[in-house]
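Below are two complexes that have subunit A in common, paired first with subunit B and then with subunit C.
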Partner chain A sequence: MLSEGAVKEINELTGKYANKRSAVMPALFVVQREYGYVNEEGMREIANILGLRPVQVFEVATFYTMYNKKPVGKYHIQVCTNISCSLLGADHIMDFLSQRLGIKVKETTPDKRFTLSAVECLGSCGTAPMMQINDRYHEDLTKEKIEEILKGLK
Partner chain B sequence: MFEPVILKNMNAPDSFKLTAYLNSGGYQALKKALEMNTDTIIQMVKDSGLRGRGGAGFSTGLKWSFIPKDPTIPKYLCCNADEGEPGTYKDRAIIEKDPHQLLEGIAIGCYAIGANNAYIYIRGEFTLGADRLEEAIREAHAKGYLGNNILGSKFSLNIYVHRGAGAYICGEETALLESLEGRRALPRIKPPFPAQVGLFGKPTVINNVETLACIPHIINRGAAWFAAIGPAKSPGPKLFGVSGHVNKPGLYELPMGTPLREIIYTHAGGIKGDRRLKAVIPGGVSAPMLTEKDLDTPMDFDSLAAKGTMLGSGAVVVMDEKTCIVKGALIVHEFFHHESCGKCTPCREGLDWIVKVMRRVEHGEGKEGDVEVLLKLCGDIFGRTFCPLGDGAVMALRGAINNFREEFEYHVKHKRCMVNSEQ
Partner chain C sequence: MATVKINGKEITVEDGTLILDAATSAGFEIPTMCFHARLSKLASCRVCLVEIVGQKKLQPSCVTPVMHGMEVLTESPVVKSARSAMIDLLLANHPLDCPVCDKGGECELQDVTFKFGPRKSPFGEEKRRFHEEDYILSPVIVQNVNRCIQCKRCVRICAETVGAGVLGSIDRGAGTGETSFVKEYLDCDHCGNCIEVCPVGSLMSRSFRYKSRSWDLRGVDTVCTYCGTGCQLTVQARNGEVLRVISKPDKGINNETLCARGRYGYSFIQSHDRLVTPMIRKGGMLEPATWGEALKTIKEGITGVVRNGGKIGGIASSRLSNEELYLFQRLMRVVLKTNHIDSSSRWNSSTVKTFAEVMELRRGGVSVYDALNTDTLLVIGSGISDENPVTDYMIRRLSKNKKMNIIIASPRGMKLDSSAALTLRHRPAAEGEILSGISKVLYDKNADQLNDLSGREQIKNISKESVSSLTGIDWGRIESAADFMSSSKSVTIVVGNDVLRGPSRLEFLNILVGTLRLLGKEVKLFPVFDRANQRGAWEMGVHPAILPGYSFTDGNGLGCEGMLEASSRGEVDVLYVIGEDIVSDFPDGRFVEEALRRVKFLIVQDMFLTETAKMASVVLPGASFVEKDGTFTNQEGRVQRLRRFVPPQGDAKADWEIIAAVGAAVDPSFNYGSVAGIFEEIKEVAPMYREIAFESLDGNGAIVKAAGSSEGTDLKSVPSAASQMPSTSPDPNYPFVLITGNHLYHSGRLSLRTDTLRDILSEAIVEISEEDAKDLRVGKGDKVTVKGERYEAVLTVHVNKRSAKGVVFIPENFTDVRVNMFFTKGEGLPRVRVLPLTGKSHGGGIK
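For the complex of A and B:
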């Protein structure tokens, strides 16, 4: 069950729009924050609150890549592998992380701390190569810099 | 040296705060605009020659003039901050470092078209940017630059931030509207155009972040000042985001029409390791690539169109002589394939075939005739798609093959790369 606070938050979100349905996307972020990913229970709760059919929530959740359809590690490492980052060695960054964490792309470490993903351009091409860990951007990456960043993660 | 207009506040301490913005003359343009007739503002934006910075280069003043004048119909302005075109990172800089400049541009635009509600559709990954915008909106409300009866006038405006969730197609304006209405972001058929039937079925203007950031300066300094910067048909200051194999990648604000050579060699410091330039994408990955022979092309909408490519988002991606074009093209087309929304068959199925063939060519499993197959697939897609994403993908691939066909053929024949790629 969503917390009382989360339900209130979703209800308040509808005030931003002429149409309640518009609150689906921000509501999915609320569910993701509460459960760690967008699970079926959470999506059904959104449908209830917004007066939608569950499929109207499912179809949105599956369209957008930022909604995690299954749990991810505590730290979700997303490496940009698009053109500008690739020109400056995104492949090496990915290989290094993969080796360092002992997992392949799309995998999560057994202790559930790290998930490694390859993602499309994150709008940080002038400071390539780059990665995002949870909400934060890390730019101008080198192996040394990645070591430092990983050390800083508790 | 060209004096920056849009980027002028970027290096001030706490440039994203209201106090910093006010110190640099912020919100004076809004004050001035609120004392002007709305038609005069629209005419001024038309006269300035400002063309949309989101890629299509449509006249901003003209777009605003299409909005019906009937005051009883609610209207909306949506700021397109989805910035997803690979290579592009200009709007993010404006949002993170000078959000009030954008808010002021939005407020003037809303006043001009008679909108009392605006949405900023920001791509989901820009968490810092979304936070900065929310905070800037709070600050502006508290000081009367937003909200009811702005600066004592009859004009009221609320600006809302709506976060995307990872889908490039949301940058296409009608897909953006679908997404804002809480649906899958599938583009809408046009007509009706958003100026008639847009968000929630109401007249809507959609403008890019950089476009709107130009507005306060046009109000402050006049249409003639703006129109005198760069080429007459495509004037104004322009942000060029340079990335790839250059010594000084970064965002450079220069007059429209600055030659590509000057951008790469003077501003971005030339090619790393003094290598030769092999190819350059002038306007984000949908724009067909150019080569050394094109370096004197002025970077503006019309000059690039004349070269068969486009200014797009002004994202300049530089590739040196060691770059494998086949690999580069594969990366770009994996992207388009991933981002195809799936609504229309030519794009959905065609891009699927294109990446299948390109993967085998890149991985040394290409078959004789594969290059023809790719060009045939391009022909099957081009001009037959519902929105410009599919056409953009095709134009980019044709550009790569036309310029570097021998590299594709070499991959097929020798099962390996022609250059000693260091990627």
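For the complex of A and C:
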């Protein structure tokens, strides 16, 4: 069950739109924050609040990569593999992270600290290659820089 | 109008016509995949691209309208190569496992590829694969998403037409596949329309799985015999065994859609319980006999009674064909010299007469499309989403295309509510009072224009308070309903057969119609029935006061209830019942059993040994809908052909043949040899049918004309009935009112004898409102005891979110609970209480 606060938040979000079903995307973020990922229960609750069919919420949730459909580690590392980043070596960044963390893309470390994902353009092409860890951007990446960043993560 | 040139051929079409349609009418074939004529336009597959001279890019013809002077090329080299490339893209991820795919041979992708597609593909990448093995998505669907081409037809038909909205496009890009929420096992309408529209083998029929290749099937186009909608369907069989029912896009008013009953309710035809031989009661037991013996027994049983003027009655099901019903009433009236004849054991025959008059059935049929071409649609007296699912689809689909205010007046919530502008959750049996309230609002606002209104005094004296308290509806909502009608040019009133269940106050429907007409509105009346040939039964004269073609007779005829009352007094010598299980259906089970026991000679003709048949003196085995010819008249008044396709099981015979034989046994001059011959006689007797040509009836059927004579309905003749509404102050011991009807998956008693429908739901349920469920602390699947004054039953709970509080609904279709035992004849709707079974849910039999 979503907390009372979360339900209230979703209800408030509906006020921003002419049609309350439009609040489905921010509502999915609320669910993701509450449960740590977008789960079945959360999607059903959104459908119930917004007057949507559960499958409609599921369609939106699965369309966007920003919604995690599975639990993620404490640090969710999302590496942009879109064109600008790829041209500037996103593949190498990804390989390095994969080797450094000992997991493949879409996997989580056994200690549940890191999850590694490949994502589409995060709109930071000018500072490619880049990655996002939780809510922070890390840009102009090099192996050394990644070492530094990982060291800084507790 | 726009004149366009297509491949050099000039044609003139309406403005706004799609290039696809214009090209088709000019005789050119443009392949399509995602396009579906009656669904919203998607234009995602790009298979229908065409070249418009002067435009650089190719355009999808399924969404691009023609413009005057446009020149279109559908066969140019660039179109051909683009089309082929598009098909190649559809195939890029398609597994091409045609040899093991159920769709093989009737697959649109196969056909399009064969005709227009590439012969070689440059794509060498690995194909995406969602799963290795097909999975079961619902009791009727097997899914293989690997074959999905993302046309979204299933998603669209489910949301737009059926209104279930349980399918979606999951994931994105090349990884998209159509399936259910988290791939869960579906609890939906189980109508199978998604399977029907799937162009590939992604959604497949579970009951047809691995049964046959489509080219090995032999089929016949016929009409569905479940509800009054009258859908066209195609029954297909291999080696005489019926394997599936499909629906075709170009056939009938249903245009490819069907409900679960129509699509899966056929296997009773081959049921092992079918009666395959006549039976005669000997020494208290029913024993198999030959036709000769059975007819001889009947002759002996009847002849003397006819000669001595004894009392004879007949009840024939409204699921028989027109020819059978006509022949039955002729047998009754002419040979057996009786007017005691009826077509339903559930309804009061005098209310039926009033209904036929108020609904202006004599004025001939009204096409459903005309009826739905209206500004305001009032649906009353029908759980239409459950009782007539395909009529519900049509209303939903058409209301999207045009602005139509839908008002639904019903105690139970229904799927169509989501399309409605206003719902009136009234107390059971208060339909008349709702109509009186709407009339009252209209009258108060326009009294000066309504001086000539018949029933004016009655309306004047109605008080808001009494309407509100009788119906349980706020006056404001009734005013809103009236306002929708006031602001409309046309109003269609859809009236279901629930108003026939008691003496409803149908005079108020008459007054409302009169009011609206005096106010200059175009009013159309559209009946909806839960039995396929209810309208035909009345038009054929299977009613004590109606002769064929709606000539009313005062006569002395008794309806079903009257016959049973006479039976209970021991006055009935012969009762001939065809296709009706009155013991299970008549609303007072004890009474009907008692009454039938006193009938001296009971003839029952049916496909199965029903509860009624078990009491018979002679049982005659009738035929199913695929075993006989004939016509049905649906609720619109549309006459459609039923076609014989397989021979009857065992010694069973078409019902008309049996009626003819019974008639001939008593009077040798009663001689009928063919269905077409009987239809010719119907045309003579019932002018409404005069213009209908039996042999040339096609998929669209033909609508009956007005009854000939100019006399319209005499508005003043509608008698005022005392309503049998349950009392307003609820008895605290029995706080719920019980209403009954058909379940979405079942209709009458036959559907329970079909495998797939039984798999979907085989045990009786009780439906209660969400509010009551909360108060009782029960949820879906829990067991409760429903206790009336005379009967109680343990049932599985279904919760209807939108139903009115205080109403419980039990479907009439199940054999494990005898719902008619709750009723007491003459006392209207029973009151019951609902008691949760102690201890938590035991699951129940609901899948």
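One rule holds in what follows: the second predicted complex is superposed on the first by the 154 of 154 C-alpha atoms of A that agree within 3 Å, B and C clash if a C-alpha of one lies under 4 Å from a C-alpha of the other, contacts with A are read in each partner's own complex, and residues count from 1 in each chain.
Heads up, the rule we're going with is that a contact is a pair of C-beta atoms (placed from the backbone, for glycine too) under 8 Å apart; a residue touches a chain by one contact, two chains touch by 3 or more.
The shown structure was predicted, so the numbers you read here are calculated from the model rather than taken from an experiment.
In the overlay built on the shared chain, the residue A:N11 is in contact with neither subunit B nor subunit C. When both complexes are overlaid on chain A, the residue A:E59 reaches subunit B and subunit C alike. Within the superposed three-chain model, A:V24 lies in touch with subunit B and out of touch with subunit C [touch as defined at top].
By the touch criterion defined above, A:S84 lies against subunit B but remains apart from subunit C after alignment on the C-alpha atoms of chain A. After overlaying the two complexes on the shared chain, residue contacts for A:L122 are found with subunit B alone; subunit C is out of touch. Within the superposed three-chain model, A:T109 lies out of touch with both subunit B and subunit C [touch as defined at top]. By the document's definition of touching, neither partner reaches A:N68: not subunit B, not subunit C. For the contact definition in use here, the residues of subunit A common to its subunit B contact set and its subunit C contact set are 56, 59, 63-64. Contact residues on subunit A toward subunit B in their complex (touch as defined above): 16-19, 21-26, 28-29, 56, 59-60, 63-67, 81-84, 86-89, 91, 120-128, 132, 135-137. Contacts from subunit C toward subunit A in the complex involve residues 159, 165-172, 180-182. Within the complex, the subunit B residues that touch subunit A are 74, 83-89, 91-92, 117, 123-128, 160, 162-168, 179-185, 199-200, 241-245, 249-251, 281, 285, 315, 317, 319, 323, 327-328, 331-332, 335, 338-339, 423.
Listing the residues of subunit A that touch subunit C in their complex gives 40, 43, 53-56, 58-59, 62-64.
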